[in-house]
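The structure that follows is given in the form of structure tokens.
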Amino acid sequence: MNYCDIIERISYDILEKNDPGNVASYIPELAKINPDKYGVFIKPIDQEGCGVGSCHEKFSIQSISKVLLLAKSYGIHGELLWKRMGYEPSGDSFNSLVQLEYEKGIPRNPLINAGALVLCDILIDSLPKPKDDFLGFVRKLAVDDTISYNEKIAESEAKNGYTNSAIAYLIKSFGNLKNPVEEVLDFYFHVCAIEMSVETLATSFLFLANGGIVPKTKERILSLSKTKRINAIMQTCGFYDEAGEFAFKVGLPGKSGVGGGIVAVHPGIYSVAVWSPKLNKKGNSYKGMKLLEQLTSATDSSIF
Amino acid sequence: MNYCDIIERISYDILEKNDPGNVASYIPELAKINPDKYGVFIKPIDQEGCGVGSCHEKFSIQSISKVLLLAKSYGIHGELLWKRMGYEPSGDSFNSLVQLEYEKGIPRNPLINAGALVLCDILIDSLPKPKDDFLGFVRKLAVDDTISYNEKIAESEAKNGYTNSAIAYLIKSFGNLKNPVEEVLDFYFHVCAIEMSVETLATSFLFLANGGIVPKTKERILSLSKTKRINAIMQTCGFYDEAGEFAFKVGLPGKSGVGGGIVAVHPGIYSVAVWSPKLNKKGNSYKGMKLLEQLTSATDSSIF
Amino acid sequence: MNYCDIIERISYDILEKNDPGNVASYIPELAKINPDKYGVFIKPIDQEGCGVGSCHEKFSIQSISKVLLLAKSYGIHGELLWKRMGYEPSGDSFNSLVQLEYEKGIPRNPLINAGALVLCDILIDSLPKPKDDFLGFVRKLAVDDTISYNEKIAESEAKNGYTNSAIAYLIKSFGNLKNPVEEVLDFYFHVCAIEMSVETLATSFLFLANGGIVPKTKERILSLSKTKRINAIMQTCGFYDEAGEFAFKVGLPGKSGVGGGIVAVHPGIYSVAVWSPKLNKKGNSYKGMKLLEQLTSATDSSIF
Amino acid sequence: MNYCDIIERISYDILEKNDPGNVASYIPELAKINPDKYGVFIKPIDQEGCGVGSCHEKFSIQSISKVLLLAKSYGIHGELLWKRMGYEPSGDSFNSLVQLEYEKGIPRNPLINAGALVLCDILIDSLPKPKDDFLGFVRKLAVDDTISYNEKIAESEAKNGYTNSAIAYLIKSFGNLKNPVEEVLDFYFHVCAIEMSVETLATSFLFLANGGIVPKTKERILSLSKTKRINAIMQTCGFYDEAGEFAFKVGLPGKSGVGGGIVAVHPGIYSVAVWSPKLNKKGNSYKGMKLLEQLTSATDSSIF
């Protein structure tokens, strides 16, 4: 299949249309982004990838990092992870405290903020130098040593992260964070502030399409079974209260971030990343959703 | 792949083990079932199917009917359906009224009781003889004219269906049922009381694995796109608050019923149905879950 | 204190002002009322009462009946009542199912719909002829044999009472209704459809201001302790999610109905009833609230 | 009425009985208290007061301070206060985040933790030296210059106050705290750590029984109307999800603290404070509840 032609044609369509979305405004540093940025990159396992638009420009991947946090923690701790969180869809928005209180500090799944905070707590306990080590892990996945944290964005999030602080303190009150809340939040805000281009992002998720192995380096990151399970979690939990919408319209496991990025994986075939900062009402990139919907239609590549 | 050998071997393993589950007791007529019944049938698109155990004995498919209700209504009304319900996972148990009240009588998805009741209301408006016509539809999918309602079970459900009555009246209070509550409930209780064997059940779901076409008769039931969407909904919403668990461990779109049946679909490849009346704490067949988990591991056939 | 002068003066003020409220529309028969009706009657324990406006015209007392249901049931069963319901404020609107589901069919208090339905169930078990006997009880309190049910309104409520049906079936599903739901609802809808004038209403509540004894007949209805407890429940639970507002601004135990009536009790001193059909956003009579607020200010008669 | 005889007799009864309660353990410094401490003091407006047990020993008044915070803020800001919080019972436990999230950071009432945190925020903006000035206010009410904060307890609360931190950050995320969360929490933890004896506590609440005037100094603290409103709020909101229980069994406006103190007010007549550290399941002093229940029965002094 000629993916290059397809994403070019779809991008052409999408860029012509009006985008009713809005750039995320709750983090001042993120709000500064040019709202018209657009980039997409598709990376088949066994072919060269190809991209359209600003596909080498770095942006803040935000919640997409949660999948990478999960991959790292799951690799280290295996099924023990599920003593500290579940893997059920939440049916609620990404930062709700309601469910967390009813369920006594056990996050519904690793891909909501509460779950990612617990993953950060776990990695602080497991990694000698959490920030450095985690960055090293991401660089290895992407086969790219230039990936780094954007300190300005991390700081901006810390200054305005009242809801995340509330979530972290609530988890702490139930005893499900071992480390000091400030330390967990600092790590979390950094992880959210990782910057990648759509090209590196697609590349870093390719191991999830390839049974757990980074195709370029042949390094096994996770077992086949764990890889499938992460894909399953992305499918059911990757889009907060729009998980059903994404499964319904796109039909691939994926994850979005408020920076306007979305990444999706077609197991056995390809990974794809798209970036467009304007978000729909549910907080997912408006054009990103459209692109992926049309991509899976055009290539008949939904997993369903 | 020799599916027959595989399901025989797995069944042998599973039948040896202790089953901590319990038969559903809230419908007296269902509670009378022999708890040790066991049957499984797998039906590849392009091969003969094969089964193990009581695979020709009929049982009450219960909530599995919801998928068939959805297929029938979706075929008639298309995307208009989503004005009356959503397609997001509920994150709650199958009969919760909480979410329904907060969301003003719009069910989260078609596979919870509230959603199925609205589907019944829609079909009452669309079909000249709802009960007969719906049964005709199911017989066509299964290519089996002996499928029918179990009137005793329908009656038993009606007598004890207080929660479903509460749900129906709540939806009615928000104006999302057009027909009299009693009529909707009567149709609903009948639909739940359809009886099939695992063989007919697997056969009747095969069109969902085959892009919307019944393989044997070549009849198109739904478009490819609608078929995929139903599979996506099964994936994210088919197991109530255990949807994540099923995606995680089995990795196929599927649907369970309190009668102890589970059906799952591997798009492009096969459908499979299993029956074992003892349920786990979440209300899904204990052995059925185990069988499917081992089946997808052994055949490496999860969609992820 | 010259109560007559005071209520005349306040009524004069209130009737001059604009009333932004709306007549309850969900029961068609209630919506037919002339929205400008107004009547108030105050009945001191040891003086003649006096009234202003249409104080002899009967209207539908609706939820005010719940206090009378409570008085009757509490007199028969005493503290056993609290095995079937609580006496805590609900913090929610009068017809919410959310709390009821979380709390497994045990209503928060007797003055929300759920609680009153359980009271009806209890009285069906306790009274030989529930409707007649309950009416007899109310007539005795009011010393007025003309009080009766408005069958048209009872019927209108039954036809449109979907939310109440949902609540009743939900309670039934938890086993906290013993009698058939239809029978309980029929009794409940009749009880809501009792008609009284503000004069008879004030008179019928006077025993609550008088330690449990009907002043005119000297008949003891309830012990002093039970009487105080009913007043306490009216104070904390009598106005749904506006209970705090009423305590704050009026400062008396009281109860409102969607027919536009409100009754309040100043223990040891008087009872007062007011009727004006236009309701504020919380479902309580707009002018009734104003009248009582000004009455307790003018007479310095709040219990606080 | 000879209150001294009455509280002596009741105390004698209560001290003989088994106390199934438990000392609050979530603040280590509070858990160190001798669980068998007991003191009660009743202060009529126009008589000398009298006490039983350790009535001059200071203890941590904890949440009782919330009423004093309210009195101070209400005196300064009047009805503007209600733009930042409500005055409805919450129907939930004192530290729930659920309602706060649904209601967008506007606390239900001033006597739950969320409300008191907003009061602290308001006083930080209104008082030149918040801690000193508030202490001065309390000393004035109690006519006692020795009242002070227990720094050790304030510190212990700060170290373990994860739930309060979560609540404060959640309110902040909705914009309903103006000052830095740390500053608000520090003030709040100090206010909770005020120490008084039952004698000073009863004395400091006597202005609420006396129409807003401190009897001894004749100083007017609040208008009559504001005083009544605070009493009404105590009545409906003073005991979290046991507010109905207290109204039902005691029948006076009051407030409890996890330190084991309870204070109650009989408008126009007396105030009373009791201290016994073992708490019932709802977090209110077990013996304190008993004492007050028997006191209002014996003196026939409920407001209902």
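For reference, chains read A, B, C and D in written order, and residue numbers begin at 1 within each chain.
As a working rule, a contact is a pair of C-beta atoms (placed from the backbone, for glycine too) under 8 Å apart; a residue touches a chain by one contact, two chains touch by 3 or more.
Bear in mind the structure is a predicted one, so any value in this text is a computation, not a measurement.
**Q** Return the chain whose centre of C-alpha atoms lies at maximal distance from the corresponding centre of chain C.
**A** That would be chain A.
**Q** If you list every residue number at the chain A and chain B contact, are more than half found on both copies (same) or fewer than half (different)?
**A** Both copies, chain A as well as chain B, present the same residues to each other, with over half of the numbers appearing on both sides.
**Q** Any idea how many Å lie between the Cα centroids of chain B and chain C?
**A** 47
**Q** Roughly how many whole angstrom separate the Cα centroids of chain A and chain B?
**A** Centre separation, chain A to chain B: 32 Å.
**Q** Can you compute the centre-to-centre distance for chain A and chain C, using the mean CA position of each chain? Integer Å is fine.
**A** Distance between chain centres: 55 Å.
**Q** Got the chain D residues that touch at least 2 other chains?
**A** Expected reply: no residues.
**Q** Just spell out which pairs of chains touch, all of them.
**A** A-B, A-D, B-C, C-D
**Q** Name, in rising order, each residue of chain C that touches chain D in their complex.
**A** Chain C residues touching chain D: 86-92, 99, 108-109, 224-225, 227-229, 231-233, 235-237, 241-245, 247-248, 251, 253, 267, 297, 300, 302-304.
**Q** Under the definition above, what is the set of chain A residues touching chain D in their complex?
**A** Per the stated touch rule, the residues are 96-98, 101-102, 162-163, 165-170, 172-173, 181.
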